[in-house]
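Some structures to go through are shown next.
The same chain A turns up in both complexes below, where it pairs with chain B and then with chain C.
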Partner chain A sequence: MRGWLVFGLLMFSLPLFLSTGTLRIFVMANFLAIFAMSWDALSGRTGYISFGHPFLIGIAGYTTAMLTYHLGVPLYLSIPAAVVVTMIGGTLFFLPALRIRGTYFALVTLAFMEIMYHLTQVIAPKVTGGTRGLSGLPEMVSGAIPNYYLTCSVMLLIGIGLWLLIRTGLGTALSAIGVDEEAVKSSGLNTNRIKLFIFTISAMIAGIGGALYVHYLGSIAPRALFDINFLFSILVAALVGGAGTIVGPIMGAYFLTFLLEYLRPYIPGAGRFVLYGVITLVVYYFAPKGLYSIFSSLRQRLSGKAGTG
Partner chain B sequence: MAQVIIQGFLLSGLYALIAVGFTMIFSVGRVLNLAYGVYIMLGGYVYYVAVQILSLPKFPSFLLAGLAGIVFGVLTYLVLVKRFEKDPIAVEISTLILAVVMQAVIVLIFSTAPRSMWPLIPGRFEVFGVSILKNILFATAVSWVVLGSLMVFIHKTHIGRAIRAVSMDAKGAAVSGIDPQRINLVTWALSGVLGAIAGVFFATYTQLDPGMWVFPLITAVAVVIVGGIGSIIGSLIAAHIIGFMEVATTTWISADLRGVFTMALIIVVLVVAPKGLLGKAEL
Partner chain C sequence: MGTNRMTFFSIMATAAVFMAGVLCSPVTMAAKDPVVVGYIGSFDSDTGKSTIRGAEIAIEELNAAGGVLGGRQIKLVKADTREDVTEGIKAYEYLAETEKVDFIISGSIDDVSLSWLPRMAEYKIPTLDTWTSYVGIIDMVVNEYDKYKMYFMNVACDYALATLYVDFGKDILADKMGWKTTVVLQEDTAFGGGVFELVDQMLAPEAGIEIIDHIVYDTNTVDFSPIFSKAAESKPDFIYLISSVRSQVPSSQYVKLQVPVPMTGINVAAFGKDFWNDTGQMGGGTSTLSPIPSVGFAMDDRTKAFVEKYEAKYGNSRPIFPHFNGFNAYYGMYNAFNAAERAGGFAPLDAWVTEMENEDLKIYKDGKLWLRYGFWKPGEIEPRTNREYTHNIKFDITQPLDDGAPSMVVIQWYEDGSTAVVYPEKYATGEFGVPSWIK
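Now for the complex of A and B:
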């Protein structure tokens, strides 16, 4: 908990030192951290790898975008509505998880994402904005500093909430499901209830993040959300940071976002994305457990005792 | 009706070719190669550079595209997949990262602008009032020849039998003196060349662009899931189900909806019968 307090204080004092341009980068990193934590809650421990998180984020984004754009619903109603719709979407995810896991589950969730990509363009394009999407959506707060504080608080609250949740028996149960689900069942735990719970939590986080994200961007389009490159960012942030650790995905999200930004002055144009991808691949290649594991083993060595996680 | 039947057969042949290289990897190595779409993209771009920029003749360019697929397939295995062999999820993630890196490389070299490929054989003709591009007929014919040779290779040659043995039981095969590493290498090379050849045809069907690896990958996933992961015959049947379904949807309902039905089919099959039509996880 002390770690979170220090981290929180540090984050809240940053606007005193940084330019608004840098803060905008932090805002994007905070969003990616929220998405990566949502992925981590569902997939980090359980072995139910989600390739469909853009599906959850996207339905949240589209729900609030359509409510505000067409009906003029105020944000304090449309965002909660979006979160509820996303949680219902999360239970859709849960149904296949009753029967299949691992690779097969990943592919079903990928199919969910692809279906939404097509449907948003075809079914009622007047409502969804079709291929071009909707733009001119209302902002939650305006300016770099308020947006920074907003995303930062949400990210910290989600992080601390998940961290507390995982420290209960639930975290152990989720890890146990990842190792051997049958054994967990035979020890008398109802794994389906545990899965349904964590799927709903994950969907809720994705819903909060997704709804805030489209109001920050002010626009929404199928290719921006239901996209394999967006999925790539979320997955890689969680994995490069360290899956199953909650703190790791935050580190991963910051690492990736700032890596891409700091390469900008040195390598113009498309070369930046090549180097970004290669660095990501190299990090994953040598540390598949993520940056968090490197830091915690360093800390253990320095302090000479077991880390507190 | 004639339109749907003829176009359905033509498209399905290509889909079968796209899927078969993907299913072989799963069958032998029990991993999903999410970089498979890259072999398709690479085949298309190498052929494009050879024919339309370097003005090489078509046949050597075709071979060059296949060679690029072999090299890249073998490299994927040696560099990435071998490291994560015990962890299928790590293979999926690392091959996905590789695919995104290669997409960036293509953007770097060719920019994001789509490029159109010249047909392998120009012109068209009519059968039963259906206009058919000669290029597409040729692509389907070659697909069938390649698939037929692959079946002969798998069933009649020593190394093909070894591939099947590993796909049925890797440990058992190793005990009876088959070097699994060598079989893996051969399979990845085969997968690379099949992907690259499919890529040349696929690019003439559509166009070249840096995002073109996604659609064939998802189609391959769909075919392989519906047919049963690891079954070549199952993949052939599923490629026809999906090919015909797409053509029928395009003709009778709307071209925009064809992907929706394919994806819905994947979900239904995976939830109802996760092993697919003929899935027994061996070739």
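Now for the complex of A and C:
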């Protein structure tokens, strides 16, 4: 817990030193961290690799966007409504899929994302904005600094919440499902119930992140959410940072977002993405367990040295 | 002696104060700082490159002429969107927060422009769009003027494009060619969906042309033979293609397969001269509507000089001829800086917006008004459609088109690789035709 406190204090003091441009990058990194933690809560621990998280994020985004844009529903109502709809809607779609494992589960969830991409354009395009989406959505707060504090607070609360959750017996059971689900079953635990619970938590986090995200962006479009690049950025953030950890996805999200944005002035254009991909692969090659593992081993070495010294 | 010494020190002190005053005055400080123009859009597409290059040539000319706003040089910084919606938002934030740009010129597509509009409204940076033609953005300026007044679009919006295309449908496709039915082949993009809506709502009912089938295809499609077969099976009088991404693929396959049905519509690849080589010199018979100026468009002297500079500077690097938005970027930069000169800069915003609204750059050819880079003002009603187009380019969609440039022209690629404008009549340099294999 002390680590979270130090991290939180550090994060909250950053606006004193950083430019608003850098804080904007942090805001995007915070959102990616929320999405990556949401993915990691389900997939990083249980081994059920979801390709459908943009689907969950999209349900929340479109729900709050349509409520506010067309009906003028205030944000304090539309955002909780979006989170609830994501949890219910996501569960209805994903629950049958949780009966299958491995590649099949991944492909089924990927199909949800693709279906949603087309549905938003075909069904009631006047309501969803069709292919172009909706622009001019109301914002929660305005400006780099308020948005930084908002996203930072939400990201930290979700991180601490998940950290507390995995320290319970449920966290142990989740990790055990990832190693050998049959063994967990034979020990008498109802794995379906555990999976449903963690899926609901994962959907809730995706819903919170998705709803806040579209109001930060101020616009929503099918290409922005139901997009394979968006999905990959979530997965890569969790994997590069360290799947199955809480801090890892945050580290991965920060690393990837800052890497991409800091390359912008030096390598404008497609080259930036090529180098980004190469660096990410190199990092993953040398640290397959993610950046968090490097951080952990460094911390252990330092504390070991301090102990012997 | 004492008096002389006093006088000497007095003169030196006065000179020092004067020099300090001069060095620290806003004018001199400003002269050191460049005016920063930001480009937002794709770096890799022909259309994105056209906007960048049009802006670059205008900046070179303005800098060579002694600079702007009291002798300041213009510096261009660029942010790539990769035609990605979220990248568009990040790019706008980068230009605003990190580069602190004074003015933004955009080569963004529809949904990317829509994505960064909320940022533009937040930062209040004067912004000129040269590529997207989405009327919904103009409606946002009309309906929420105070919020979006810093936005200008100097390509005719799609509503105006469609209006003139309905005329083409009536005058040429229906009356001259006698065509009454069509199958629409539409790419699966925001642009494609938007244009289809307009075609469905306007071309069919107003030109008396019935849409008997609507086929949506993926932009990664490499084999169009089943799609063309399906379209031909419906036995339409012609195929209406809506394609902005890799549209050289359906075009060249149309020729290769010798599809026995005429095809026209919107084919963005055919806007540029590279189209001929992109299709393996098989793009003949293609016709497309295009915003202006376009290939085959008869040019006035000033526009011709711009194209010569473009060709000299960029040589064989594609696009070898600017797309319409390259011209828009070139003239748009002059609009923006003329307005800034009169307003005293890009800030305060209201002063610049007022002067930009007053911009009216008229270009004549052979004594006729040929191109017009001005803007519809708030409250001004376009007579034919009876609606407002605040901050859209001042197009003319009423014959005889003598109050501005038309929103679009129809260009025709012939089988020998030559091009011509075939509609409207005032700008026509050739005849609309169908490929030789169609009897």
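The rule is short, and it goes like this: the second predicted complex is superposed on the first by the 299 of 309 C-alpha atoms of A that agree within 3 Å, B and C clash if a C-alpha of one lies under 4 Å from a C-alpha of the other, contacts with A are read in each partner's own complex, and residues count from 1 in each chain.
FYI, a contact is a pair of C-beta atoms (placed from the backbone, for glycine too) under 8 Å apart; a residue touches a chain by one contact, two chains touch by 3 or more.
Quick caveat: nothing in here was measured; it's all calculated off a predicted structure.
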{"item": "Partners on chain A (chain B, chain C) - clash or fit", "value": "clash"}
{"item": "Which superposed partner A:Ala221 touches (first chain B, second chain C, both, neither)", "value": "second"}
{"item": "First (chain B), second (chain C), both or neither touched by A:Gly21", "value": "second"}
{"item": "Which of chain B and chain C A:Phe112 touches, first, second, both or neither", "value": "first"}
{"item": "Touched partner set for A:Gly133, first chain B, second chain C, both or neither", "value": "second"}
{"item": "Which superposed partner A:His70 touches (first chain B, second chain C, both, neither)", "value": "neither"}
{"item": "Partner chain in contact with A:Pro268 - chain B first, chain C second, else both or neither", "value": "second"}
{"item": "Which of chain B and chain C A:Thr103 touches, first, second, both or neither", "value": "first"}
{"item": "Which superposed partner A:Lys185 touches (first chain B, second chain C, both, neither)", "value": "neither"}
{"item": "Touched partner set for A:Phe232, first chain B, second chain C, both or neither", "value": "first"}
{"item": "Chain A residues contacted in one complex by chain B, in the other by chain C", "value": "121, 229, 269-270, 273"}
{"item": "Contacting residues of chain C [partner chain A, same complex]", "value": "43-44, 78-80, 82, 84-86, 89-90, 93-94, 97-98, 110-111, 114-115, 117-119, 121-122, 134, 136, 140, 144, 147, 189-194, 197"}
{"item": "Of chain A, residues touching chain C in the complex", "value": "19-21, 24, 28, 121, 125, 130-133, 135-137, 139, 142-144, 217-219, 221, 223-224, 227, 229-230, 261, 264-265, 268-270, 272-273"}
{"item": "Residue ranges of chain A in contact with chain B within the complex", "value": "47, 49, 95-96, 99-100, 102-104, 106-108, 110-112, 114-115, 117-119, 121-122, 228-229, 232, 235-236, 239, 269-271, 273-274, 276-278, 280-281, 284-285, 288"}
{"item": "Contact footprint of chain A on chain B as seen in their complex", "value": "32, 80, 83-84, 87-90, 92-94, 96-98, 100-101, 103-105, 107-108, 111, 214, 218, 221-222, 225, 254, 256-257, 259-260, 263-264, 266-267, 270-271, 274"}
